[in-house]
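I'd like to ask you about the structure that follows.
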Amino acid sequence: MIKYSYIIAFLPLLSYVLIVFFFSKREKTASGIAITAVVSSFVLSLIALFETLADHGPHIFEYEWIVIPGLKLPLSIFFDPLTAVMLMVVTIVSSCVHIYSLGYMHGDPRFSRFYAYLSLFTFSMLGLVLSGSFFVTFIFWELVGLTSYLLIGFWFEKKVASDAGKKAFITTKIGDLGFLAGLLVLYWAAGTLNYSEVYHQIEENQIPAIILTAAGILIFCGAIGKSAQFPLHVWLPDAMEGPTPVSALIHAATMVAAGVYLTARIMSIIVVSHTAAMTIAYIGAITAFMAASIGLVQNDIKRVLAYSTVSQLGYMIMALGVSGYTAGTFHLMTHAFFKALLFLGAGSVIHAAHTNDIQQMGGLAKKMPITSKTFFIASLSIAGIFPLSGFWSKDEIFASIYHEGHYFLLALAVLVAGMTAFYMFRLCFLTFTGEARDYHVYEHAHESPKTMTYPLIFLAFLSIFAGWVGMPWLEHGYSSFVYFEHPHHAAANYVLMIVGTIAALSGIFLAYQMYYKRAIDPVKMGARFKPVYTFIYNKWYFDELYMGTVIKFAYWFMEVLYRFDQGVIDWFVNFVGRFGMFNSRVWQTFDVYVVDGAVNGAGFMTRWFAGGLRKIQTGAVQNYAFVIFLGVVLLMLFKMI
Amino acid sequence: METGIFYILAAIILTSALMVVSLRNIFHSALMLILCFFAVAGLYITLDADFLAAVQVLIYVGAVTILMIFAVMVTHQLTGTTMRQVNEQPIPAALIIIVLFILLAIAITQTGFEVIGKFPLMPTVAAIGTALMTVYVLPFEIVSLVLLVALIGAIIIARRD
Amino acid sequence: MVTLEHYLILSALLFCVGIFGLLTRRNAVGVLMSIELMFNSANINFIAFSKFITPEALTGQIFAIFVITIAAAEATVGLAIVVLMYRNFNAVNVDKINFMKW
Amino acid sequence: MDFPLLTYMIFVPLVGMVVVMVMKKEAHNAIRYTSAFFSFITFIFSCILVARYDGSTAQLQFVEKVSWIPSLGANYFLGADGISVPMLFLTGLLSFLSIVASFGITNRVKEYFAFFLLLEVGMVGVFSALDLFLFYIFWEVMLVPMYFLIGVWGGPRKEYAAIKFFLYTLFGSVLMLVGIIALYFFAEPHTLDMMELIRRSSTYGHTFQLIVFAAFFIGFAIKVPVWPFHTWLPDAHVEAPTAVSVILAGVLLKMGTYGLMRVSYPMFPKAAVYYATPIALLGLIAIIYGAFVSMAQKDLKKLVAYSSVSHMGYCMLGLAALTTAGFTGCMFQMFSHGVLTGAMFLLVGVLYDRTHTREIAAFGGLGAKIPLYTGIFTLFGMGSLGLPGLSGFVSEFMIFVGAFNSTYIQKWIVILAILGVVLTAGYILRMIQNVFLGPFNTRWEGLTEINGRELFTVIPLAVLTILIGVYPKLLVNMITASMDNVVKMITG
């Protein structure tokens, strides 16, 4: 299967083409095709996974694309265990979302188009995962960006939605600038962009360290954009304007994780370049902390989850930054499942409650048993409670950081773990427990249809057990499958496990006290720490900062340049034109009065003389005769005198 | 005697010529022209040119003047004596002929002609005939042609078409 | 004694009178008459010269004959023109026939 | 010499023009279909050209050479290689589509189509002439119909735009003529044969190269247009009728870069190296400046016009690189930009025909009303902003790689030029959002979907942009041998 792994990606593309060209009017068929395609991809990925388990590879395939002297860009596939895992993640989450959307998008006027976009996204994401060179990655990187744009702005009649789409596209594009520049630097230095060849050259020390650092950081810029890392994280919360299944698929589980995937792909650079590694680690750490802090106080259920995503992505990036290849990718996988579950659960809630505001919810557990139960499982998992998936992956991250000796980062990671637990349970308690704060919402709430709850159950199952493959005691667990260079098999560190669990439990306890028992009044807390509260409630004022600086500058600059264009360049052109006109008028004057004057003068003189002279021409023969004789007389006089 | 005849003839010629150019009635002018031609013919005789005198009378008086009189008759309704017969330049014309005459007279008197004396009067008809048919035969024939052309031309011009 | 000069002066006078007529007469026939006068003056000259300078050659007389012939031809054509003028322009005054004016 | 394909390509439209001229003035439909027929024949010829072209060699193909003005050394010398074949194809295609798109013209139909066919003659001629004299003649031939097409069938400020276009281009032509004359007299024995002149390029002195190159460069730069000679472009585009804008953006702009690639660079290799950095800087300025100014536009057509300035800036950057990748990218970008911008203008024209406004702010939410149109427009918009899978990306990437790997220009220029990518995304997305997304502007309740004829004009372009975007080898294989040849001539 690995040999034909491109089929995995092309099935959804086929589905996209079919839907767009043939079934855009037939919703049932369209969704059927899309689901069939993605499930088939899942099955094929599963086969590929088993093949990879047998032979880790990497398996490399190349298809000629552009070959010109000095530039060779093949379409290549690089199939290693990470690819296999990513394929699984993408196809599983995508399948769940496809099925879930049957219920969620039911009755939408652009139902088949939604499935078309989902298929296109799945294709792009699978392509991204399969790609065997930075160049091909970049291609699919842009394509997932496009589908993200299209899906965020799916309900484009809402101004906020179309704004959010645009913001997402442009913000990630800024990161892509770095990615592109990194590709250029890397290509310039290495002469190839294929993973295998680049890795090989790095191993052989053929590329100077400084260039590697530059290339690494530049490529990581792409990840900053795509994975919504500080300082380009601002687009992700806004992206929640898209349909919730989209948020689950693209903006929680897969596309945003592509940045992490890319960072994992530059692990070779990270291990050689300390600067690059630390840049990555600290950006991850800052992001994790910042996003978690913002998540503490948000009231929009999807925004809380969005900040949670940003925070968790920061976690993964931080792990990769400290060379925790296994840890980062492991957390990527577990996070994909429970975060997708959280989003789908939130979608289910929104579907039922028709609101995003958790302050208006409450007590929904009674109305929505499956949703609330799965949601709790996912929350426990993300908080890192033994023995759920999140616990294992988070523990792996702690272990990696600890192993590399970055104690400050470790402390931060633990703190963020506590904060995560707090805001997740704040969300759970406010949504599902207690009294209904908005009776109207409560009254209309109902459990979602089966198409929506089955994926929830399936994902809940994964949220519990998917992490078990990474138990430190397993001899042939995750760490011996996905690893960098050689299996990194750390022994179980019970101290870190306990510390992590304590952090999570204390977060949950605090949330319990504040939002379930109401022992501590959150409003009072907010009032007491007013400046901090306002600061984090307003998301650290990043949007305002960017609006006030970059955007404002761009707008100002474009106006200035346009004015310059009209006022200076075009003015000059017109001036030249006008000067020409003026000149021609001057010369015209000269021409009329001097040159033409001379010509006309000559003519005039001639006329004047002639006018005199022609009077001689009387026409009377005798006058002529007279003159003749006069002439004779004169001649004689002349001769004789 | 000879001198007397000359002066009488000269007087007749000049008087009649002046009347030709100055008479109001063109018909009278034509008559005066005949007189003038006769006088000139007389003058030819004094110059021993008997044949030419005859020709003068025959052609000028007999043909040309009669032709002129015919023309005058044809155009008679326009040649009434009431009209001014002289144009606006008699005074300049007079001045110029006076000056011209003075100059001619000066030229004539100043020039020393080599006069070869007088020959006795003798008939010239035979001599002229011989000359015309021998030495001057070509000009003679050309002139006859010119006459012919002039005749035809006159007919063509005057023809009413 | 009548000398060559006498004849020449007479001829000159006649010539001048002819010119006067040529320059002043309005009637075309009058103009033609004046021209005949001038021809005659020229003939007088020819014959006078013939008599006084080349008495035996008769060249002057022959020339005079030619002049007379030409004069006759001239008169014919001239009078034809006069008739034509009269017919076409209803005028025989030469100063009226001034199409060449300006 | 077998079938004289290029001659046929040049003269079929000319015959068409004559036929149109003798047709009855009132027979509008007959005139339309006749012109479409003749341009279609030309298009078929261009397809045959592409099919029979052998891209594996840089040799000239389809050569026709007939002595023309022996006293001047001017020949009727035609030929095609990798530089001209894609342009000829583009000309054939866009002319045909433009003529179909102009079926809506009702004013002075006969003259319009006659001029259009004459324009096609000039364009095909420019791209196939290999004799400088012939080249110059075709160059001027195409100027006159363009002037009238803008000046007679244009918008409210058509006279201004037409005069500006005409004078500006004429100014460039004059400089070019000076260059041609200089070359003619410098070459011993005097010749106007481009290939011969290129062969002798090593004999030209350094200073001579610098000066004559500059003369040619300004001549061509006005056509491209390179900043700061670009201001005729927005005016001409905005005022010109839709189809003329398409030709203007799709083909005429390419003549500038084509000229640089055909004449300036191979003939003056030393100057090309000497001027590499200034040209790269001009390209950089054009990219950034054009993008920013596009962003400030409130008129759809003007936006697309300024985006052309930006996109042609990439071409200049690729040229300045003096690498095969850069040159191939430049050529690819020329083709791709012709397709994309041509389509954009067609689409703007479609909208304008229905709404009689091009003001971006007047629209909004059209995506719900005319989804098909929106989809196509978005496709070309994405192509324009360099989305992978569409043609724009391939060319941009090749240009960037080519320029970055070049030894002739500094790296920071390229890095700054990359900024253009995000700026392009900025203005394209802003435009798409303001026109198609957001709440529906009820003023356009009666708006109808794109019709069959209009679809017919844009679908080939859409197919093309996807085709060469996904499988660029189609085009790359056609051009790269020639590009490599040119680069080798310059860098030795």
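Which chain is which? They are A, B, C and D, in the order written, and residues in each are numbered from 1.
Rule of thumb we're sticking to: a contact is a pair of C-beta atoms (placed from the backbone, for glycine too) under 8 Å apart; a residue touches a chain by one contact, two chains touch by 3 or more.
Everything numeric here is computed off the predicted structure, so don't read it as measured data.
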>> What are the mutual neighbours of chain B and chain D in this structure?
In response: A
> Which pair, A-D or B-C, has more C-beta contacts?
Replying inline: B-C
> For chain A and chain D, what's the span in angstrom between their mean Cα positions?
Replying inline: 33
> For chain B and chain C, what's the span in angstrom between their mean Cα positions?
Replying inline: 6
>> Taking the mean of the CA coordinates per chain, how far is chain C from chain D in Å?
In response: 92
>> Using Cα averages as centroids, what's the distance between chain A and chain B in whole Å?
In response: 128
>> Among all residues of chain A, which ones touch two or more of the remaining chains?
In response: 620, 622, 626, 629
>> Give the residues of chain D touching no fewer than two other chains, as numbers and ranges.
In response: none
> Out of chain C, which residues touch more than one other chain, so two or more?
Replying inline: 19, 23-24, 94-95
> Does the chain-touch network form a line, ring, star, complete graph or other?
Replying inline: other
>> If we use the touch criterion from the header, which chain pairs count as touching?
In response: A-B, A-C, A-D, B-C
>> So in the complex, the part of chain A that touches chain D is made up of which residues?
In response: 64-71, 73, 135, 138-140, 142-143, 146, 149, 153, 156-159, 161-163, 165-166, 169-170, 173-174, 176-177, 180-181, 184-185, 187-188, 554-555, 557-559, 561-562, 565, 569-570, 573, 577
>> Can you tell me which positions in chain B touch chain A when the two form their complex?
In response: 87, 89, 92-93, 96, 99-100, 103, 106-107
> Where on chain C is chain A touching in the complex?
Replying inline: 19, 22-24, 31, 94-95, 97-102
> Along chain D, where are the residues that touch chain A in the complex?
Replying inline: 163-164, 167-168, 228, 230-232, 289, 292-293, 295-297, 323-325, 328, 365, 367-368, 382, 386-389, 393-394, 397-398, 400-402, 404-405, 414-415, 418-419, 421-422, 425-426, 429-430, 433, 436-440, 471-473, 476, 480, 483-484
> Which of the residues in chain C come into contact with chain B in the complex?
Replying inline: 1-10, 12-21, 23-27, 29-30, 32-34, 36-37, 40, 43-44, 47-48, 50-56, 58, 61-62, 64-66, 68-77, 79-84, 86-87, 90-95
